[in-house]
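Chains here go by letter, A, B, C, D, E, F and G, matching the order in which they are written, and residues are numbered from 1 within each.
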Amino acid sequence: METALSFTVAIFFVVSIYLMLSKHIIRIVIGVAILSNAVNLLIFTAGRVVREVPPIIPEEAMTPLTATANPLPQALILTAIVIAFSFFAFLLVLAYRAYQTLGTDNTDDMRLAEPKGEGLPPLGY
Amino acid sequence: MRTLILRTVAPYLTSLMVLFSIFVLLRGHNEPGGGFIGGLIAASAFAIYGIACGVQAVRRAIRFHPMAISGAGLLLAALAGVFSLPFGVPFLTGLWLDGDPFGFSIILSTPLFFDIGVYLVVVGSITSIALALEERESL
Amino acid sequence: MIDIVQNYLAGTLIIIGSAFTLVASVGLVRLPDVYSRMHAASKAGTLGSGVMLLALAVVAEDQATVTRALAGILFFLLTAPVSAHLLAKAAYAAGYQLWGESVLDQMEPVNPAGKEKASDKSRQ
Amino acid sequence: MILYVNHIMLAIIWAAVTGSFSPSNLLFGLVLATGSLYVIREQVGSLGYFTRARRVISLGLLFFYELVLSAWRVAVLVMSPRMDLKPGILAYPLTLERDFEIALLANLITLTPGTLSVDVAEDKSTLYVHCIDCSNPDATRRDIAEGFERKIIEAFHPMSADEATK
Amino acid sequence: MAAEAGKTVDLSGAMITDPVALADWLIVAPVAVPMIAGAILLMLRKETAIHASLAAIALALVFASEVALLVRVVSEGPLVMTMGRWLPPFGISFSADVLGVSFAAVAGLIAFVCSIYAARDINTIGRRYGFYPFLLLMMAGVSGVFLTGDIFNLYVWFEVLLISSFGLLILGSEREQLDGATKYALLNLVATTLFLIATGYLYGTFGTLNMADIARKADDLRVTGPLITLAGLFLLAFGMKAAAFPVNFWLPASYHTPRIVTSALFAGLLTKVGVYALMRILVMLLPAERDILGQTIAWVAVATMIFGIVGALAQSDIRRLLGFIVVSGIGTMMAGIALASPLGLSGAVLYAVHSMFAMTGLYLVAGLIREQTGSFSLHDASGIYRDNPLLAGAALLLILAASGLPPMSGLWPKVFLVKASLDVGAWWLAASILVTGLLTTIALGRMFALVFWRNGKAGIEAKVPAEKMRLGYVAIGLIIIPVAVLGFYPEPAITLTDAAASGLLNPATYIDAVFPGADR
Amino acid sequence: MSASEAFLSFTVLAALALLSISFLVSVLRVVIGPTLPDRILALDMLVAIALGFIAVIGIKTGFALYLDIAIALGLVGFLATVAFARFVISRAADSEMLDPDEQNRVAKKQ
Amino acid sequence: MGTSAQNLTFLALILPFLGAIFAPALTKAFKHNAAWILALIPAWIFIHFFGFLPDVAGGNAVTGGFKWIPSFNVNFSWFLDGLSLTFALLISGIGALIVLYSGGYLKGHQHQGRFFSYMLMFMGAMQGLVVSDSFMMLFVFWELTSITSFLLIGFDHAREASRRAAIQALVVTGMGGLSLLAGLLVIWNITGYSEMSLLLLTGDSVRDSPWYLLALILVLGGAFTKSAQFPLHFWLPNAMEAPTPVSAYLHSATMVKAGVFLVMRLNPVLGDTVAWETILPLFGGTTLIIGTLLAIRQTDLKLMLAYTTVASLGLLVMLTGFGSDKAVEAAVLYLIAHSLFKGTLFMVAGLVDHEAGSRDVTKLGGLRRAMPITFAAALLAALSMGGLPPFSGFLAKEEIYAALGFQDGWTGFLTLVAIAGNALMLVIGFVVALKPFLGPKPETLDKAHEGPLLLWAGPAVLSLAGLALALFSTAYHHYLSSPMASAVAGNEVKVYISIVPHVGLPLILSVVTIALGVVAYLFVNRLRATMAAILTAIGWGPDKGFDQLISGLVRAACLITRIVHNGRLEIYMTMTFLVVAVALFVPMIWGGEMPSMPAFPDLEFYEWTVLGIAIIGLGAVVNANDRLTAIVSLGIQGFAVALLFMLLGAPDLSFTQFMVETLSVVILALAMTRLRLSPADHRPTGEKLIDLAVAGACGTGFGLLLLKITQLPFDATLSDFFNANARVIAHGRNVVNVIIVDFRGLDTLGEIAVVMVAGLAILALIRIRLGQTKTHKPETERA
């Protein structure tokens, strides 16, 4: 299972990075969303995989009766998902505002902070 | 959105979803769920309500500014952590009051208040985002 | 004894449910326009998932799960037609045409949302 | 009165969902229901009374029957090698006036054979229905009028005094 | 309420049984106080009048608690509190050592000063849309970074401060702000994601997240585990946060776009967090791997210094110029990490502290320059030496500091780092540090000549009310005091940074504090 | 394993197979489109299939807790459709907002 | 040294700085007469140091100080031997006179107080420099002299020339300072000593070290820049932009001598090697000749003096590097004499400028009647400069010729250089001292008259001191020159020369020099014209070069920065991920951390399906032509991940993932509604391939590393603990939730802080619109 997941994680990364490398702001934002999934799967896999047994203690027991899926990476991923979602939302709205204000979805044209063809600073004293 | 059908169904759906979200919140300690998921469900409910009946309806419905709710959530969660201060135990130590007040096992405890804080933060923030976006739409 | 009945019933239900779901998916592919496809999704699809939830309720060992499964089905029945309606309304308002061989369209003359599209749309 | 009914219903749903009908849980459900109803206080109009329960159940039964039937028909249609379709949108003149009833009708229509509510006219006079077999629009209109619409009127329309005592 | 269910259970195997003294809560205060204050301000978002004072009080409290904590840590060694009473490594430990608390205290002071400056600079709309909550939450994040002893928790605090910085960055929504924020946000997101990825790998390898636990397990895993690759990933992730070349693009793209007080805050807090993390993770947790990467880090340091200061020379906008100087300073700190000798690390920490003060101060000065002259441009701004000698004097002192010239704070760390480089024969590293110092002198000297000495359009009247200027002076003065003290009498600070460096190089006391009595 | 249990586990596998096919078929509709509402509809369908999938997995593993996920999924799946419909309608209000290939599709019957 | 003396010396070191603080207020109160009060500071310091003379003349060094930065082994400690004490006396003595002179010179100036302040700070820095025992203290004061001189040169800040000169001085001397720092640190590393007093005892260990040459070059880098050795001399004439008191003090008597001081100080340590005795005379000699030639070319009094200062510094460096005790004696005598006559002449030049309104020799003349005292002082100084008896300059010149001689080709050559230089300096001295005062008086100068006491006191005292030293040469040698020469030579040296001329080679050379000088004075105008023609023909000098260097630096910086920081997010991203790929693969391959070949995964068919759907969804996202397809496809892969979590025993994750994916899609749809986005990928195919390669490398790297890690044994201690205690102690059956709210509650606290702040930030982003806040126009758009 870990092998298949490692392979899947690799594909997730390839796709997300490929999208993030584009100049299209929305594609980049979508890439960010996929990146978060890639990372979550990565953490999940790194914590090793046990199928189908959730880490929930049965009503009648005080500890799990069988080997369960590793709960810690799940908790970590939950935190990471929430954080990633917050960032995703922010980025998306930022992209939206940037598009609205700057009038372009091409990051090559978003160059106000570091404008093209800037002049030299004063050469005198 | 101008559709009678959605506008009619949405309030009921919303209240059902809010109810469900609280259920998920309270059960989180023992079954899948918890403050975050509960909060997301409630926020989804308000989003539907907002799309169907307009942002102002939601704002009136929740009375407080969503971000204020969010702030209250963070405050509650942090205070749940600080609550352990007089007991000579570290920050965020769980403290329980045993009991079974509602027939199913909710135990009053600092982790519960912490989780409620999480719930409020998520409801507040996500609702705020959805409403702000929706409001902008309907300009 | 109860177990056996539960198992057979649940097994049957999930086969029925998944079959309906498959049919709905096939319909999604085979039917000619978005409005027709909605019929497949909103009927066979809803029934399929509903039946499978029911199966879960059947095998459940506590009453809480049963009531929750039924509540879930209720939620689903409440939302499925609304989504179909919204999608159809949206598609129509946005000007997505009916299938070319549709026999009737009584909607557009009186629908203000579609008005601007009406002029350039050939009518059946 | 109406809110009270809603309260009870929501509290019962709460109990059903949590799986415990203990008094304290029902009480708690009532508290929660208050909260969630408060949220929609503007939209809640009058809803029916317990006396309508029988008619509502009757409507429900009809609906489940139609749902299964419709699913089956669609399945057959989809799986048949040569789909013989005559789709179209028809206008259905509404006699219902209240939003709740119109919405209910529209949803029921959507869930039943070969029909799909596309929209309600602004003036609530017409329901536009997409039919997968629109070869006989009048028959379809009649089916709706005598099926769901009538049942809805029975179940939810304001009753005259004598009806209430039946 | 304290009726604890665990009474019948033996807790000693799972929980800390010693009671926690009230004084130990000092370690939580730097995170909890700003967080609670931020939440309250958010709830009072319409009461903008009280925001500034409430935030200042909270930040003063934070600073005070950090100073008190520093006193304790210096006298008693690392202080640890494991949250939720769980035994480490199961609960999240806050482990305050000299390194972390020193950084935290400096950050606290800077945030406090910025809150004072902001009181004059941020209008009602800025307040209502959360300037102070952002500031406070950022401070909570920064404190969390410096205090936590858990690597995933470190990630969380990184994100807290990052999202708060987003908020500060976009407040105002000017056109170039949006552009800058887009780059800042995306590239920083990549950086923190890399950090998260590396943490995931680390967990998969070590099975633990507690830093002290990792430090004591690293020796065993060195044989089988891919620790070099992990160290490389951490280096990249934190290098990016620190704005090291060639992954520093986000900083020059954005630092000049927001309100000046935000730039000042960023200059003081953000990149240093990355430097701190590099020290903590690479030097303390993975020392053998850091040795292997040492040469790489050194070249990264050189490139960062040189490209940074070259960038500064190319700028017309004062804020952008300062942004590049921040970058080149990062290179200098990386040099210390590359050397990882006691002197080099002490120098790097000292440099970080110096840079936090000096760069914040310079950005605040830039703000007043704009108010006086109406421009941030070297082309236009002028005449301050004539119109406002006090500001010019303050600026000069900060320029001296940033250039590493006596008698201000920049001198000693630079000397430390040059000496540490020469100690190992890395003359090229020493030369880069010195050349960077010279080029910084040129860049800032030119700025001083153009903006302060040159008289432009004659007689620009200061349009700013004196009262408003006064608050700005107070803020800048509060920055200059430590800058001067670090220059004139650096001994106390050096004692601290030496202790910080030795704590990094000999983590035994740190580990013992987290796992008292445990056998290493 | 009793006969009923064997039956159940067989039907579970069969159902999973049917659902797997349904998944792929619906995904196909998302990919081929051709119109926006088609894709939205297919996504809606996917939610329904996922719901069934969850139910079947719940039966397979014996964990009823999956039910809550299914309910929540039903609810938010609805939200997604509402939002998409909202999206389509507001774009319709300003047809220039349509992507060019979508514009072609809307106008293709001319 | 007793405690009280120690305290007094410390007071002497910091008093100028304290004075600097109060100078503006004093000047505000007493106007220019504050000079009288402020001059008491250097005067008292002079007296304080004067008291050390007998002790030092007896061969003892005065030391003292206290710990400053013990952790770095840096002390605040002083070391007063013959060399530093002489310098200290010159600095404080001339300093007192300069303060008075400044009082008169800048009388009524708006910022006279500030000027006093800078002057005193400079004085303190210089004082500290020469008495420093510890390297770091020396360096600190060294840099402080650069900084204070920056402020003084730029005093007249409104003029661009002043600003340029100030920056030039700062850059050149600052560069030297850093070189010095490096040199001192290298020496510190070689010897382990960071104190002069200790270092002077271990010269051999430095000379024998393989790092010697590096240390030498670095130290000389400091000395040569400060002492304006060719080709780094250009900043000094430009520094004449400063008010004349600055020129008189910094650029003749004190600061520029710091380099010579350093060379002299380290002569016992670094000297006596081939490198030392080649480099120093070479640079010194060249500077001497070029300095004098350039001086001839000038018509401005101050510039002429400035170039002769350059020349003199060259001479001093040459002598110090010559390598004999005699040469050291000569250097010491010349240094003292030069300080006195050059200080005088600068002040005279300032006085003339102040009274006559011009410093152009071609426009000056006939002032002898109007300014008799000034004329007298100028004459005395010029004679000393010319090396005529009975002045201290004469003693120096005699000793120079005695030291150089014509022993071999090299010394003969250096002697010729010295003769030429001295002759030309004599010319300049005469031009400065005689030309303004003799001959007819132009009408424009009618109003000129003698300046006030404040102005002429300085030149008068200094010029007389130049005479007095020569007349009382025995005392002079006993107390000053011999101790100083001993300190420089590193061994006991006695100076005997007096105004009674040596009969022999030195005298002959002196006569030749004077004769040459007189002849040249007669042809000075022709010489000047010739030099001007030559310089015009060359057309380029280091001064111009400085401007070219700075603007070239700025241009190059722009070029580089516009390429590296080009404002294109796409490039930034590509670069970043390229580094990611490198960071993954290089250590993995190089450190041998690759995974082993895995077995084919054993998956159920529905697990394959879910993975397949995820991958199809990803493909659809990449392929999507319009954004809605992309969004819907995004939803597909998200749902697939959620299903995967469900299959892998993570219901909470699955739950959250479903919710989050849906909400992401919803927010996307809401936000995208009004955007009119072009559907196409903006990239041409070539770029796509590059991006794909980068993405592929990163993805493969992440996958391989993950595989490697999953092949390791896993330590599940933490999870076992959580499972064991979740219900028992923390009362929760859902272990994941217990971790979230209890075991790792702090993570969650941070997490909700993120959510809250994100909500607020998004609100701010949506709500605050352009122009709603107090706007400031973007600066960056101006170009």
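Definition applied: contacts are C-beta pairs under 8 Å (C-beta built on N, C-alpha and C of every residue); 3 or more make two chains touch, one makes a residue touch a chain.
Keep in mind that what you see is a predicted model, and the values were worked out from it rather than measured.
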item	value
Chain hops separating subunit D from subunit B, counting only touching neighbours	1
Set of chains whose contacts include both subunit D and subunit C	B
Farthest chain relative to subunit G (centres taken as mean CA coordinates)	D
Interface with more contacting C-beta pairs, comparing B-F to B-E	B-E
Centre distance in Å when subunit A and subunit F are each reduced to the mean of their C-alpha atoms	23
Cα-centroid distance, subunit E relative to subunit F, in whole angstrom	47
Two or more partner chains touched - positions in subunit A	20, 28, 42, 45-48, 52-54, 56, 72, 76, 78-79, 82-83, 86-87, 89-90, 93-95, 97, 101, 107, 110-114, 118-121, 124-125
Residues of subunit B touching at least two other chains	1-3, 5-6, 9, 12-13, 16, 20, 27, 30-33, 36-37, 40-41, 44, 47, 67, 70-71, 73-74, 78, 81, 91-92, 94, 96, 122, 125, 129, 133, 137
Contacts with two or more other chains, residues of subunit F listed in rising order	16, 19, 23, 36, 40, 42, 57, 63, 65-66, 68-69, 71-72, 75-79, 82-86, 89-91
Full enumeration of touching chain pairs	A-B, A-E, A-F, A-G, B-C, B-D, B-E, B-F, B-G, C-D, C-F, E-G, F-G
Partner subunit E, residues of subunit A touching it in the complex	20, 25, 28, 32, 35-36, 39, 42-43, 45-48, 72-73, 76, 79-80, 83, 86-87, 90-91, 94-95, 97-98, 101-102, 107, 110-114, 118-122, 124-125
Residues of subunit F defined as touching subunit C within the complex	2-5, 7-8, 10-12, 14-16, 18-19, 21-23, 25-26, 28-29, 35-38, 40-42, 44-45, 48-49, 51-52, 55-56, 58-59, 62, 64, 66-68, 70-71, 74-75, 77-78, 81-82, 84-86, 88-89, 91-92, 95, 105-110
In the complex with subunit E, residue positions of subunit G that touch it	68-72, 114, 136, 139-140, 143-144, 146-147, 150, 154, 157-158, 160, 162-164, 166-167, 170-171, 174-175, 178-179, 181-182, 185-186, 188-189, 214, 550, 553-554, 556-558, 560-562, 564-565, 567, 569, 572-573, 575-577, 579-580, 583-584, 586-588, 590-591, 593, 702, 705-706, 708-710, 712, 714-718, 721-722, 724-725, 728-729, 731, 742-747, 749-751, 753-754, 756-758, 760-761, 763-765, 767-770, 772-776, 778-780, 782-783
Residues of subunit E defined as touching subunit A within the complex	152, 156, 159, 163, 166, 170, 173, 175-183, 185-186, 189-190, 193, 196-197, 199-201, 203-205, 252-254, 256-257, 313-316, 378-379, 446, 449-450, 454
In the complex, subunit C residues that touch subunit D	20, 23-24, 26-27, 30-33, 35-36, 38-40, 42-44, 46-48, 62-65, 67-68, 70-71, 77-78, 80-82, 84-85, 88-89, 92, 98-99, 101-107, 110-113, 124
